[in-house]
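In the two assemblies presented below, chain A is common to both, partnered first by chain B and then by chain C.
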Partner chain A sequence: MRQPLAQRLWHWQHKGTPYLFVLPFFLIFCTFMLYPLLKSVYLAFTCTNGPRSIVWVGWDNFNYLCRDRNFWIAVRNTLVYAAASIVLQLPCSMGLALLLHRQWLRGRTLLRFAFFAPYLCGQVFVAVLFSVLFVPRFGLINRLLQLVSGHGLELRWLGEPSLVMPALIIVTLWLYTGFNMIYFLAALQNVDQGLYEAADIDGANAWQKFRHVTMPGIKPIVVFVVVMSTIGSFQLFELPFVLLNNGSGVNQAGLTIVMYLYQTGFETGNLGYAAAIGWVLVLLIMSISALQLRLGRSQP
Partner chain B sequence: MTFDRTLTGPRVLVHLLLAAMAAGMLVPLFWLGCAAFKDQDMFSVLFWSPHPTVRNLQKLLQLQPTFLRYLLNSFFLAATVAMTQLFFSALAGFALAKYRFRGRTLLMGIMLATMMIPGQILLAPLFELICHLRLTDTYLGIIIPSAISVFGIFLFRQSMQQLPDELLEAARIDGCSEFRIFWEVALPLTRPMIGAFCLIAFMGNWNSFMWPQIILHNAQRFTLPVALAQMRGAYGSEYGMLMAGTLLSIVPPMILFFILQKEFISGLTAGAVKA
Partner chain C sequence: MNVRARLQAWLPAVPFGPAPMLLLLLAAGTGILLLLFPVRRSLASLDFWIFAINHRDAYQRAIADFEAARPGVRVACLLVDQTAVSRRLQAAFMSGTHVPDMVEVLAADTGLFFRGPLDDIGFLDLTERLKQTGLYDRMVTARFSVCSSRGRIFGIPHDVHPVMLAYRRDIFEQEGIDPATIVTWDDFVRVGRRLTKDIDGDGVIDRYMLEAEDTSATHFEMLLLQAGGGYFDAAGTLIMDNAVAQQALCAFARMVAGPGRIAGNLGGGQILTQAMQNDYFVCLLCPDWRTKVLEQDIPNMRGKLALMPLPAWTAGGRRTSTSGGTMLGITRPCRNLPLAMDFAQHLYFNANELALRFRTTNIIPPVKDSWTQAVFDEPRPFWSDQPIGRLYCTLAGDVPPVYVTPFMSMARARMGEAVIEATRQYAAHGEQELAAFVGAVLARKADDVRRQMARNPYR
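Now for the complex of A and B:
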């Protein structure tokens, strides 16, 4: 016996709904993610002069990349920045998280807000702020340095090529220490309390508890934060761009890979070369992330 | 299990240490708040001026176009993007959480893969596409490409998975259409997640610089980051005005965060804890 029409319609409505619900995602994904992704592979082998003139050049872009001095400066700067971010900043975040994790701590919400507030400002506004803080002789940073150590009034943070990277790293420390601290704090709070009690029963001291209960417990999030921070560092653009007044600074001292991509693609207009840079960046990020994930998995 | 919460000597020291570090962290922001109201004595006085002035705010309002315009633009854009992302992400997350359909695993795999692609390789071809669609220098050119958020989809999928199926079945038996089930049953139950995601999406767009910088040309449409970066170039020595503008730009997210602190942090870390 055939089911009545209403029932069949209702059945198809129920069956078809999930597809309908994911349709917006799928449409926008195909148009604004998949298509550009495939197009960028094509673009990487072309040279453009504005969006209307495209010329196929084969491997020329990549050949030129190997010899492009500016590109390698950008790579060097980005690598130094990423390494410093991980090595200097993450231990500070972890230290803060450990301090804030004490049960007897008062005012945790306020402290958390204080440390997290810089992140809320976003790279661009922070860059504008620090462009004034770094002003030689009058800016706050130099004045405070002078107060504390007796030197430093004349440091030209944004004008001296060797000081640009330290300036960037200082701002990054300010921006992201609290942000990563939140993740580490969440990780610490997620470790099973029962394990600590069991360790106490077994007579473990504080260091042993840290080594054998805390560290394995927080490892997944630590790995996550390290990978995320690395990926974020490699994508650095807005902070140096705005800090150095829409440019790369003296001697390209603040040039990062993404900044170079932006300059070649949207200031010079060579979208093809920019696409090639983009793909090299992707390969770089993916290989380093894969390495980090593998290292994170193999530790005992 | 009880915790020993008495304040012994060393513990007081830790509190003092943390308080000092927190204060140090806030010094630049405090300086910003003071600087926005300083004019001639910007550098002669270290922090708060004995003669605070609203000259800087006046200068901002007298700009062409007025700074208020940039504020409104940012508000409009960030709110619109947040709402759009919220709607589409919750919809897709609901579908992934509560329905079994062909291609579900494949779709999730695709979504996971997109999270690993750095956005920068899409910039060049996306710009070319937007040019062909004649959407340059429009807000649609910003809203539509960022209408989906895979992060949001996963967040909502995770929180909606915990909704009891019986509730949805009951609504279905009552003759509710699937969309109404989503809109009137599932959504209200995920309110905390909605708050967290809205805040994250709003702030993400509020601070967004690169894409608006690329897309927008008409100064009337500039958002705050683009406008401020340009002001830094054009009015580089008008420190007071720059600082007042920066202060105005960071206050809205701060307020939002202060109200929704818990939701924001739980939303941020929800992804990591499950990772």
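Now for the complex of A and C:
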């Protein structure tokens, strides 16, 4: 006997509804992510000037990448920046978090907001702001340094190759220290207070408590922040792009991998080579993130 | 069974209630509507993108006149950020999506659009049209270099941008210097060594003879072009390491580095304003467009600045250069080519329009027969009552060509690095083997560009 219509519909929907709900995301993902990703793999093996003129060059783009001095300058700069982000920024964030976690500190909420606030400005605005602060003779930073040193000083923060990266790192410190502090604060609030009491009873000092109670308690968040900061550092683009006036700075001192990708793809129009750079960047980020996660999981 | 009863029978069968079904129906409905009635493209007869805000202000009246003379015609002029113009246009040309009918592109970016085979270039080839109509001969032909690739012309130059030297007339007078005696760069350096000073004795120079950057090719490029050099020749061959470039770079290094330096740099915008007010620079390299920027940014310098031709590299040599520029291109998918050409002529060749526009922008048009107009002889109080239009027009015919290729930005970047290395070498070792060092650096940088050029299959 034939089932009633409502029952048949229910049966069909019971089977098909999950796919129907996934369908919009799937279509968007395929159109805007999967297809461009696959296309970029193909592009990486071509020299192209748009869909009408594509020349297959095989591994030539990757071969050239290995010999491309500018690419290696970009890799070096990015690695230096990423290392500085982790070595300088994360301890600062952690220190601030530990300080602002103290119950006795007055105005904690206000201070937390104050340290977090630069992040709300966004990279472009901060870059514009610092490009004025870093001006050689009349900029606020040099004026402050002149005041402190007591004699004429003309540091060309964005005009001296050796100062470009420190300038970028200073801006990043100001921008992201407060942001990462929020993660650490959240992690610190989740550490079991009973463990501190037990450590007190055992006579542990402040360092021992930090080393053996706090750090293991917040380790997953530390690993997460390290991985995210590393990925963010490898994707660095807007900040140097605006700060260095749409360029890569003197002697390419501010050239990052993404910036080189952009220059190659959109300023030179070599989309195939830019795609190759993009895929090498993906591999680089994946390897470093995997290494960090592995190190994070390993027991001391 | 009536509709209501049918619905009542269906609705319980919808597993997540009627809301998702309603959403699905809405999505399907709107999709069908969009398919049946797609969004209409611009209603204007011509879509025209520009990137310079002063161009937009200057074009408003011209567009109104053009539309008034042609009932039913409407020109939609859209101001788009300069970087966005290039990137969006480049992407649109490649993907075949909507592009405007006409567009102004920064001269520094034109090379980008000339990358592929000639047939794939997104702009219309105007060579025959310009030559047959005589428009080509009416213009400063050197300026077509920024609009051309492989001998074909893909745009109309908006400007000439001759370069003069803006100098502090008051300081020159105080120091008893007659600008007419500065004929060559050697003369200029001699005077510059007198005027460049550490006034307060703190070990830092407080006044430089010239604003010039030692960390990029921005200012050096003007001197290089003046000397007859450049990045590429008319055939698109890289020439950035030829003998002219070597000599110019050696001379430039002597100006911006070492104990006898006469040039410094701080950056543009507000900082330059402050620097000028503090007498930090005596002279500035000044393309015509920069005179307007200075008038607007440092109005209190009114009457203190004046213009003189650039000192020549050798006595009797070229007294100007060029910097910047804009190209007007008509895109291949242009909907109405005759109207677009008509509009281009109205904007770029109408003598009255050009005269009025000069008053607004201080930009000398490349149309030679327009230079006879009285507007160019008007004295300007800001510039010590000099007729700056006439001064620039006198030099405009002598501007050097700037040949472009898709590798222009790369060549510029490498030249910037060469400038840094040369100036550092000079600061550290003086004249000792400077020429050999500069030659080697330029050759190395040029080889870097040549390697990239060699990988371009569309030569």
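Here is the rule we go by: the second predicted complex is superposed on the first by the 274 of 300 C-alpha atoms of A that agree within 3 Å, B and C clash if a C-alpha of one lies under 4 Å from a C-alpha of the other, contacts with A are read in each partner's own complex, and residues count from 1 in each chain.
Keep in mind that, in the parts below, a residue touches a chain if its C-beta (ideal position, glycine included) is under 8 Å from a C-beta of that chain, and two chains touch if they have at least 3 such contacts.
Just so we're clear, the structure is a prediction, and the values are computed from it rather than from any experiment.
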Which superposed partner A:F266 touches (first chain B, second chain C, both, neither): both
Which of chain B and chain C A:L37 touches, first, second, both or neither: first
Which partner, chain B or chain C, touches more chain A residues: B
First (chain B), second (chain C), both or neither touched by A:N246: both
Contacts of A:H14 with chain B and chain C, given as first, second, both or neither: both
Chain B versus chain C as contact partner of A:A275, first or second or both or neither: first
Which of chain B and chain C A:V132 touches, first, second, both or neither: both
Partner chain in contact with A:G254 - chain B first, chain C second, else both or neither: neither
Where chain A meets both chain C and chain B, residue numbers: 13-14, 17, 21, 51, 132, 135, 138-139, 246, 266, 271
Chain A residues within the chain C interface of the complex: 5-7, 9-10, 13-14, 17, 20-21, 47, 49-53, 55, 57, 60, 64, 69-70, 132, 135-139, 151-154, 156, 159-161, 246-248, 250-252, 263, 266-271, 273
Contact set on chain C toward chain A in their complex: 9-10, 12-16, 20, 24, 83, 86-87, 90, 93-96, 112, 115-117, 120, 200, 202-204, 213, 215-216, 265-267, 270-271, 274-275, 280, 406-407, 409-410, 413, 416-417, 420, 448, 452, 455-458
Partner chain A, residues of chain B touching it in the complex: 1, 3-7, 11, 14-15, 17-19, 21-23, 25-29, 31-32, 35, 42-43, 46, 88-89, 91-92, 94-96, 99, 101, 104, 107, 110, 114, 116-129, 131-132, 144-145, 147-148, 153, 172, 177-179, 182, 203, 206-207, 209-210, 214, 224-225, 228-229, 232-233, 236, 239, 242-243, 245-246, 249-250, 253-254, 257-258, 261, 265, 268-269, 272-273, 275
Complex interface listing, chain A residues touching chain B: 13-15, 17-19, 21-22, 24-26, 28-29, 31-33, 35-37, 39-40, 43, 51, 96, 99-100, 102-107, 109-118, 120-125, 127-133, 135, 138-140, 143, 174, 177-178, 182-183, 186-187, 190, 193, 197, 220-221, 224-225, 231, 234-235, 237-238, 241-242, 245-246, 258, 261-262, 265-266, 271-272, 274-275, 278-279, 281-282, 285-286, 289
